[in-house]
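Just below sit the structures, each encoded as structure tokens.
Look at the two complexes coming up: chain A is in both, with chain B in one and chain C in the other.
And now, the complex of A and B:
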């Protein structure tokens, strides 16, 4: 139902018409942002394994996975949202509010088996609020979610104040970080992988997923071609809220501490990973595998540099540079390519504007 | 179409709610006691054990580039040098509850023998510390403790009793043993300050301080401007005030700033807890005679020695064990694995220039 306007596919089609189908398909694959992110990931893992003592062990791998688990979880729905040209900056506050509510409910004696689904429901409701403000009220998501970012964090402080609830049972807190039997891999890796498959299939292999690209490329055109834009967006914000709440539950158990300021500022790490993963902030392009690569790349670089005794400040500089380079390089490459193409006489029909 | 979807959503939520209510009976609740996990002291202490050369001692402050911890950790480095160990400081750039966890993991992965940590949250680092401990590291907390289960020894900078006592002594001496005094505290529900205020009142009830009367307690909310205004109001509403005690660094600095520019300078005594860098100009211009705080450098120095003694097996963190802490002398492990640095340091014109924090 939706027009196939994924960037790499379009690029490949154009080059294919130029006459060298096999080679250019490879070349366009090599050129995608996802490939460069995954390449950078492979290089950093290899370099860190060879150069940084203590990096290439299962134990450290387990630490790494636990460090990035929450960012990876939240990045999944965020990818879909950014592809539609929207953004959800309230995710970290949703996480914080969920954590605070979880703490308060536990404090008054509600069993955890009830708290967890309630928290997920709460997250979904918070997501619906974002979604309705964006779709029904027609407000820009940047403004809406900056507002709810402050609102949800504020509510978290109303619920829990500056207290911390930390007497969760060991079986749950230890369970959250426990490893799969016989390995160093925390079970949360399976949760992330499972959800990644779900979101990946929805995004890349269903009409709904293709519709998201259409919305992100040209919302007006998408609407006229019969795509239910508001329903799609509402669904995405709801999913984002629910997954942020899931991350909130996990975070609370992982650190064994429910606090209103949990995950303060995490939304920036998530957005950074999504952009590093090759998703365009203007919508319409990106792939989930790139985002997972981005999350892993940021986590690996951070972990390896910490092990190599690089200070926290230098670490922030490196992460920042990585992000800037990841935006600047493809831009420059695209501009160079365009110039080369303009210099050479066109061999086929002109490429459609991106 | 959107509306039908919303209706479906609401129905689904309601159904979920009912299901939840149904499952609410039974389950893991706060009342269930699982029994505390291990931790604490284990094994036998051997007071004569050698402290091995080349111990790696990792310091993990609440936050890097925090002047207080930068100054403190210089003491840790000094101790590590004396012990022939390897000093290292790592830490997050923001002081959040969870940000220290990956640094604990890093230190553990690097094979640190001793981890000295000032915890941002008493529980968030627990899991990581326990894992590090299992991997063979001695865990010492300083400045801010974790749950006692998660560390071997806590180096407490000063006990509440000592902090209260030193402030009462200072104000009594400065006002000549009699007169009206008032407290300028942080927030009305600040745990530390309230404990100290209570202990100071108890102390002042003693016979030797019978000439001193506490006439007011005001709160500056640890906000510079508010503390400044409260100090001003205090002096106007109590014309006979002889002295003010401010057991918070923000309050003391703001009060001193007001006092130094007012007619009450030299008339009304001011003391409390403050840092030498904030108070230097007011000691120099005679507004403040003496104030107190613990010496953070000694705190980190002691923490390094405690960690090395643990790692060598000289102590296990059990009550009553003693260990040697270089230039500070001998210390005894108290209840719950606490080692108290000692009475707070009093700063005045004679010694204030020896400190930089």
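And now, the complex of A and C:
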């Protein structure tokens, strides 16, 4: 999955341009947000391994994966949505409503084999509602999904009240957190990886993904190019709802508890990871690999600090700072580069074009 | 107007100014005097460095070498505000007003007259704005919002703002590109009165008739360098064109004769309430049909509805005999219709994407296999069209925003020609592009028609319409008021119908 930003490998000059395309391609790759996020991830993993006792163990690695699994899942469709210039803030509430419905259905005696597909369908329907409000009614997704965030959470309380359904069979709840044979890696890592490949290929290697970048950069030009903008957006919101429901099912089984307030506020972690991963909130820019790096980075830092007995409040402060720094740093770097370029006299008169 | 040097130093001069962006030298050792009481024309192909020069004067760019002088003394503009303080005002092609604020508020933004209580004195502000408009001889209500003003009126608001700042140097960057004939005349009257009031005016235009009608001296630039500055009386259009391109330009409108084939595009009774009504016309293979008319006559709206970007209320569009689904650009594309839109930057291109991504945006599915894009195929397809249209770009991976206007237009053309259309609709295909590229575009359209394509051309430039079209449809206020075959189309007959004075065809 090559990042879909920056000069492509096809950047070879049409008219021979002075310079070494190979090296400059490397340099621009080094400059991308994805690279800095992955670099920060490597540094924090290394630092945590050296400084925090118990971090670099397989056991802890397994817990870390379970911790971030839901955020990682939801971040996949969220990446595509944000690249299109939209946002879906209702994901955590969709997760909560799915969890509540799952608990209620189990409580009235429906078998889990039936409940799970029903829940996924419910998530897709909730996504379609968002999508229709955005595309057909033409409302801004920020407003729509803030509304449905409250609406879906409210419905979750209607379904389950403040009860918790916690008597799911051990074979399912234990299964959700079970490890791959012979390792400490939970099987859900495979699910995340598999979906990440699917979303990555869709975003970076298909005509559909290409259209998403165009929509995010200039929706009008995309429309004039024959791109079905409403259909694309509707599809993305549907996928987002379905994946949030999948995360809801997993969350419920992972913690063995269906509650209406499950994953309250999780949408902010998802959006934070997506932005940290280098996706532009204005649309048109970003790559999935960066978002995965962002999810892992946030998860690693939180996990390491928890192991180091840092309080939950301090944890939030660190996470928030990380996000702010991640936004400020590339901005400042770009400005510094700009200033350096302005200060340095143009070395050597450029050859006049023939 | 003889070029006797005035005794006072010019209000603004550039001395040996150079500016580079990366490896591209946008300006090389350019010197220019803008004298008080003179309208100075700046001509050059796109990419000749005109925009960079304007931005240097406006304080947006700082020169790498050389200097800007105000009244003969060196001045350093680090910000547009510095230039403004020195009395420089720039009117851009598309003014940037605050649409929801009133006209008066736009004029006095940031320096509103205040009452004693430090509140904005609306009455004084409106009176001052009204006085400015009276001096300009135009009628715009100071209290109306800027939204909904025509581009011409928006420019006048900008000019009023410049006057309120006591600007002594007024730069107009292609101000007439989007104006109709009457509006151009009014703008010229304003420019002349400013000149007679002692202002120095720099006028940039691709239209030579305007340059020769309005200006006192003409400076020609090519490839970032100053070529010549002469009084307009010593010049001819041919001489200016030769200096701009550095060679003789062959005929500007090389329309080839083409065999007229069967009907390809049939539009019948197309209406959209309040925009256009009962539009009926047919375009045959091998034919160029021009849609002429004043700006705002509804021409772009009609072609957008035909392509399906806009909706329409009634009527039908048929391509090669088959009805086209309304409101579906993808369906129009599948039927072989292509639309090169009016607004290149907003509708034609995704400016921050690369040349390649833009050029292949319409062919994403055709260039993929098993649903996956193939880089090789994309690159090959782009390169093929880049070569055919002689595209000048740093690299196919460069953002399309780094290209000059003419080359951007070539990317839009490549993007649509690559779809192999049967009907090519071009909306203002040569707006804001240089003479050389213009001739290339005209030759291309002519070749395409000769090859059997049906071409619909919306154009506000009469010479282009008369030179290129086999048939001219003239629109006035949303209706087709005349259909003229090539033999009957003259400036008079077209203008007559365009202003609504002609009998219906």
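The rule is short, and it goes like this: the second predicted complex is superposed on the first by the 320 of 354 C-alpha atoms of A that agree within 3 Å, B and C clash if a C-alpha of one lies under 4 Å from a C-alpha of the other, contacts with A are read in each partner's own complex, and residues count from 1 in each chain.
Keep this in mind: a contact is a pair of C-beta atoms (placed from the backbone, for glycine too) under 8 Å apart; a residue touches a chain by one contact, two chains touch by 3 or more.
None of the values given here were measured: they were computed from a predicted structure.
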{"item": "Dominant contact partner of chain A by residue count, chain C or chain B", "value": "B"}
{"item": "First, second, both or neither for A:334, with chain B first and chain C second", "value": "neither"}
{"item": "Which superposed partner A:261 touches (first chain B, second chain C, both, neither)", "value": "first"}
{"item": "Partner chain in contact with A:57 - chain B first, chain C second, else both or neither", "value": "first"}
{"item": "First, second, both or neither for A:228, with chain B first and chain C second", "value": "both"}
{"item": "Which of chain B and chain C A:158 touches, first, second, both or neither", "value": "neither"}
{"item": "Which superposed partner A:210 touches (first chain B, second chain C, both, neither)", "value": "second"}
{"item": "Which superposed partner A:284 touches (first chain B, second chain C, both, neither)", "value": "second"}
{"item": "Residues of chain A contacting chain B in one complex and chain C in the other", "value": "228"}
{"item": "Contact set on chain A toward chain B in their complex", "value": "53-54, 57, 59-60, 63, 67, 106-107, 109-114, 117-118, 121, 124-125, 128, 135-136, 164, 166-167, 169-174, 177, 228, 230-231, 234-235, 238, 251, 254-257, 259, 261-265, 302-303, 306-307, 309, 311-313, 315-316"}
{"item": "Residue ranges of chain A in contact with chain C within the complex", "value": "7-15, 17-19, 21, 201, 205-207, 210-211, 213-214, 217-218, 220-228, 284-285, 342, 345-346, 349-353"}
{"item": "Chain A partner contacts - residues on chain B that touch it in the complex", "value": "1-2, 5-6, 9, 13, 16-17, 20, 23-24, 26-32, 34, 37, 64-65, 88, 90-94, 96-98, 101-103, 105-106, 109-111, 121-124, 126-127, 147"}
{"item": "Contact set on chain C toward chain A in their complex", "value": "20, 23-25, 28, 62, 64, 223, 309, 329-330, 332-333, 339, 341, 346-354, 356-357, 361-362, 364-365, 367-368, 371-373, 375, 378-379, 382-383, 386, 391-398, 415"}
